[in-house]
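Below is the structure I would like to discuss, written out as structure tokens.
Chain lettering (A, B, C and D) follows the sequence in which the chains are written, and residue indices restart at 1 in each chain.
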Amino acid sequence: MLNGEKKISRPLRWAMVGGGRSSQVGYKHRTGALRDNTAFQLVAGAFDIDADRGKDFGVNLGVAEDRLYPDYQTMFSEEAKREDGIEAVSIATPNGTHYEICKAALEAGLHVICEKPLFFTSDEVREVKALAEEKGKIVGVTYGFSGNQMLLQMRAMIEQGKIGEIRVVDLQYTHGFSCNDEADKTSEAQKWRVDPKVAGPSFVLGDLSTHTYYMSQLIMPHMKIKELLCDRQSFVGSRAPLEDNAHILMHYENGAVGTMWTSSINAGCMDGHRIRIVGSKASLEWWDSKPNELTYEVQGEPVQTLIRGMSYLDDSCNTDERLAALHQEGLSDAWANIYLKFAIAMDAKNRGDEETLKNLVYPDIDAGLEGVRWIENCVRSADKGAVWVNFE
Amino acid sequence: MLNGEKKISRPLRWAMVGGGRSSQVGYKHRTGALRDNTAFQLVAGAFDIDADRGKDFGVNLGVAEDRLYPDYQTMFSEEAKREDGIEAVSIATPNGTHYEICKAALEAGLHVICEKPLFFTSDEVREVKALAEEKGKIVGVTYGFSGNQMLLQMRAMIEQGKIGEIRVVDLQYTHGFSCNDEADKTSEAQKWRVDPKVAGPSFVLGDLSTHTYYMSQLIMPHMKIKELLCDRQSFVGSRAPLEDNAHILMHYENGAVGTMWTSSINAGCMDGHRIRIVGSKASLEWWDSKPNELTYEVQGEPVQTLIRGMSYLDDSCNTDERLAALHQEGLSDAWANIYLKFAIAMDAKNRGDEETLKNLVYPDIDAGLEGVRWIENCVRSADKGAVWVNFE
Amino acid sequence: MLNGEKKISRPLRWAMVGGGRSSQVGYKHRTGALRDNTAFQLVAGAFDIDADRGKDFGVNLGVAEDRLYPDYQTMFSEEAKREDGIEAVSIATPNGTHYEICKAALEAGLHVICEKPLFFTSDEVREVKALAEEKGKIVGVTYGFSGNQMLLQMRAMIEQGKIGEIRVVDLQYTHGFSCNDEADKTSEAQKWRVDPKVAGPSFVLGDLSTHTYYMSQLIMPHMKIKELLCDRQSFVGSRAPLEDNAHILMHYENGAVGTMWTSSINAGCMDGHRIRIVGSKASLEWWDSKPNELTYEVQGEPVQTLIRGMSYLDDSCNTDERLAALHQEGLSDAWANIYLKFAIAMDAKNRGDEETLKNLVYPDIDAGLEGVRWIENCVRSADKGAVWVNFE
Amino acid sequence: MLNGEKKISRPLRWAMVGGGRSSQVGYKHRTGALRDNTAFQLVAGAFDIDADRGKDFGVNLGVAEDRLYPDYQTMFSEEAKREDGIEAVSIATPNGTHYEICKAALEAGLHVICEKPLFFTSDEVREVKALAEEKGKIVGVTYGFSGNQMLLQMRAMIEQGKIGEIRVVDLQYTHGFSCNDEADKTSEAQKWRVDPKVAGPSFVLGDLSTHTYYMSQLIMPHMKIKELLCDRQSFVGSRAPLEDNAHILMHYENGAVGTMWTSSINAGCMDGHRIRIVGSKASLEWWDSKPNELTYEVQGEPVQTLIRGMSYLDDSCNTDERLAALHQEGLSDAWANIYLKFAIAMDAKNRGDEETLKNLVYPDIDAGLEGVRWIENCVRSADKGAVWVNFE
């Protein structure tokens, strides 16, 4: 049970690159990082590509004016000169900039938290991973939904054999907000997402499905994909080659099969993010639209609905509990959960506490690497004509 | 609105082959056919491969003892001698027998209603279709779920452009009742379903997905599959080569894509039969587990739930209404709806009323043909290693 | 499991009074009675106050023209002269006529099935009950929803102590179809319902809540109301003194409390018919809008959803099973279940089989009496100014 | 849309009385107050009746050790001496202590935020209200659920006539966590709640129903209760005279009627907090268990589900939006919303900005007064034997 008491000796001094006034995701980072004020303190920022707007915004967040910088390069160099300079930075900028900023942050001796998808290529991730190791720094990736503790309940139940051997993995992350091309033309947030130079080799594969793919790995860490097939489309033609819809078939090493549907043209869909794991005895299912519930279906028995906060849940799940059962938690709580773990990881890294790091389950750079690999394999299959490819 | 009043001048004299005491589906045929007593009259039967058990059963249904026959051959020949002999017969036997019985029935001058999947090969269906045309008889196929009138509402709304151009077709018919092999050994109904000699080239593709595939055609008759890819598995190994799980990807001629998941090993799943059609503006979704509802989701508007029996529904939907809104209809009502249409078709055929036949929407032999083609194409793709094949 | 096989030696010869072409409930009677053709046979009728319309309708149902009568009196006297005359009659006429027709039917030596609410006063019911006993006849009451087998599951679980001691009974039967007075002026079916001379002392109390009250007695036969308080309103003023909305508080003899909300002005409500029973350990809840499910909530455990047709259900529930799990049953199945029990009761009465009668759970004349008592007590409380009254 | 930018010139210096380590509600206060760090700053505390434990806890929250006090009296006097002393205090102690602490805080020149139910009697509230006015201070009451913005959508739609004239108000706040007396003996949080000396004249009426009653006033501010009737029970007998279950009937001045069911013995119930408002044309319904949705049912039209964050919602609703549609908000967001409004109110009061205060909708001392009046009237009715009493 989390009640705001500190988990590390003092909050880390933290800044953001991007995530300014018009950013939807920026607030999620701040509300996650600053929850309880015992994990991070917001002390600096380069919030906006428009320096004045970024400064104005930072002042409104309560950041001292002299620590609001026109760009990340200036922030990293100026903060490095301060005794009380930043220790960690979150990157909430368009995809195409992650790689450079991440490297610069690590070079500046900072822990990093970065938006997904991490970079354009897995080689870039491997390079940055090596750099992070060299510098002794953490790189976390904000798969924000993965902070929902019911996913840890799924993980525990699967590990305990409650569903038997896994046979089918059924994943979906879809919505309909891009079912026409209006936003492509008017919304800054949407424009870059369909521009390969900024978004990278994919639209919804990276923007949506990497979340769900990571969540599937979180709940069944032993399951490895052997080969997959990805069929992608650009229903709004101007988005080509970037897809706004894709279906993926997966073959796992243990013989299980899986599917992923990711889409931003699932018109009208308001509950299209879900995970179902089918085992030989039972299934588990979680919907993002009712995040406090988990369905547990044992063949031949009544359907069970498990509710967040109840004492029958696994300890690993209830460790992240904040509000108690019947009191709905949501996405801001999930982000708070992963940001708290980022802080714990950074603090452990600072202290050389490898034991803590080994046992801490959170979206680290390997999770970021897996996400980029996922995209690469999907795109490779799709570009060959939706054929089976080995998962490389 | 249906209230039991006759739609044809008199009920047709009707018999069953199969569907005896231990048959689950036999009752669905009878309850569908005999609803209201204005479409069919049960006057004869060869209900069971065990002649005595079949006779005992028929007597208990109220059939005259002298019209309970040891086998279909006898029934067809004996009834043909009677002035008041049967005019139509339903075939509710294992798949492998459909073809011979159907042909015999048509040769005997009977209209036919047959269980799905119709036959093993589409060539057989084409042959029987020619025979039926020659004999001037109807062959109906019992895609029973398709009698739910909310599907006609979907059909009307799609035809009226309420969802825009179709982009994604998302189909699922899964359950978990065969997630282990126990029933394969003990249940007569299950045993033959996993025996290729009796079941044909597929298990769940034929047993389950043909229903949903037909329903998709019913609601969007203009949508044609261009190519598909089927990946099938036998999670219970003793079922191989017959699959207990399959995923299919479809490419439609208009550029839309589709998926079908069919499975009998979806452990614990009690609501795994559903259809979602995504258009460029909106989506429609129907779940067999809540058959009186239809979800209509227009992007950017509140989600709408349409309820069976309400006056805002299309006339084509409300024509099949029986109980009025708030009064739940179920699968027995759906079967009654299609059996009523079989009777109307047979009566029109008898009278040479081609106008009625042209406008009547029901699962006819072409629907049966499509189901067999669906299986053939899926199996062909799967057997080649889950590759794309043209839909032939 | 019901599959249409006969439960009595031969179907009873049956007729209807009322329930003609424009009647919504008439079809429910016929579809219930004639399901499977092994319980009742429709052989005569006085379907309509307009004799010609009634005859035309009856012919369309397949009844012989000479057994379609202009009124019930003629039917009872003419049928009595026939060797193969009717043995049972269903009364589906406006409330105000039930008493006279019931008496006449019993005097004519017929078993009776009558719409609810049975009569205007409990004294009338007691009188008719005595007459039925004298004549050795059954009087059944069509609380149609009560045929849903999940209610028998609730009954069994309560009897087995699965929820502990009952503390709170939470009942609701509401809809919004009369939220304005339009139908009062135009619909025949609605007009008489708000006319005290025809409807009796109540509108929704009789039309709706008697169903739910009976269902509550069915599932917890040991629970007796000690006192109640009813607050009723006529939101559409022209309906006064008949109510279109009422709330009732109940005190049971064992210390439990209860509430009933009944209304026809619950605007837009499409799922307003439900029953929740709260015990000291757990609760059970059933919604008419999802009739194949039952929620079982044990405090401190995952919520359980029980599904119709599953083998974990009680035998008393599965006895009425027809279609097997996953195949939705609806209201027509429920009516078929109670009509089958009416037939079994009549047959047992004819044979003097008191053992069968003792064990048969169905809505008999005592259930009808309880419904009228319920209305009387509610109206008495309401008319005194919504005060507590002893349940007399 | 809220993104963390300041709404007042600087955060207010804030402390807590109570809400220590074992308190469930304490965290909700802190997470609400400290969200975004632009409304309040936690600078002092008297968190626990056990001074050492309270100090240890406060240190863990990051409060300076010298501002962690053994009791509220010391805190108020010591902080008053500081230049940077606290400006506002939240009271999260058992009910029986609210009145004294509130008065002391106001006397010390502090703005106050207090748990519900505010005090034992409405006279006490009136006295404290006068004191607050005299001192020019705000008293806010933490009806935390009321911060959910979908309630503002209900308010706007009702005000705009979207449901017509209100006829029925259907309120429920129930759970089953106290269905046996175990927690009464072992849990500190539960023990005092069933002790009249500490809890006041009610258990669930105060603990639960005051929330829902306030929410009903929030969404329909023009609706005034004329008379009510309350029937309360102590199913766990040792709780008497305090009730663990109550049903209330209400008559509103405009002729509408209402019901409230509040209970802590609704065994197993995990979704028992809801509000339904029935108008002459349509109804609105909100469930705490799915707080991001609102059901809008117009009679004769498809049921509509409105989703949080969508642009079709009223501006007054979307003003409090934080995460954007599809991203679930929960109770911590709701608490953040009301705490932000407390800060805005305090700041406006400090600046003498009556215009802002007039337009700000939040749970102020009048809301607190109404809650206590509600309890008083309920208890008065119940104690007279569950009779109708004028709402005084």
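FYI, a residue touches a chain if its C-beta (ideal position, glycine included) is under 8 Å from a C-beta of that chain, and two chains touch if they have at least 3 such contacts.
Remember, it's a predicted structure, so these values are computed and weren't measured experimentally.
> Tell me, please, which chain's centre (mean of its C-alpha atoms) is farthest from the centre of subunit B?
Here the answer is chain D, farthest from subunit B.
> Suppose each chain is reduced to the average of its Cα coordinates; what separation in Å results between subunit B and subunit C?
Once rounded, the distance between the two centres reads 34 Å.
> So, what's the distance in Å between the C-alpha centres of subunit C and subunit A?
So the centre of subunit A lies 56 Å away from the centre of subunit C.
> Which integer distance in Å separates the CA centroid of subunit A from that of subunit B?
44
> Of all the residues in subunit B, which ones touch at least 2 other chains?
Within subunit B, residues 270, 296, 301, 303, 305, 307 contact more than one other chain.
> Does the chain-touch network form a line, ring, star, complete graph or other?
complete
> Which positions of subunit B touch subunit D when the two form their complex?
296, 300-307, 310-312
> Give every residue of subunit C touching subunit B within the complex, in rising order.
2-6, 11, 21, 24, 26-28, 30-31, 34-38, 42, 57, 60-62, 175, 270, 273, 288-292, 305, 307, 322-333
> Applying the document's contact rule, which stretches of subunit C touch subunit D when the two form their complex?
Touch list, subunit C to subunit D: 163-164, 167-168, 170, 176-177, 179-180, 229, 231, 233, 235, 245, 247, 249, 255, 257, 259, 261, 263, 265-270, 278-283, 296-299, 301, 303, 385-388.
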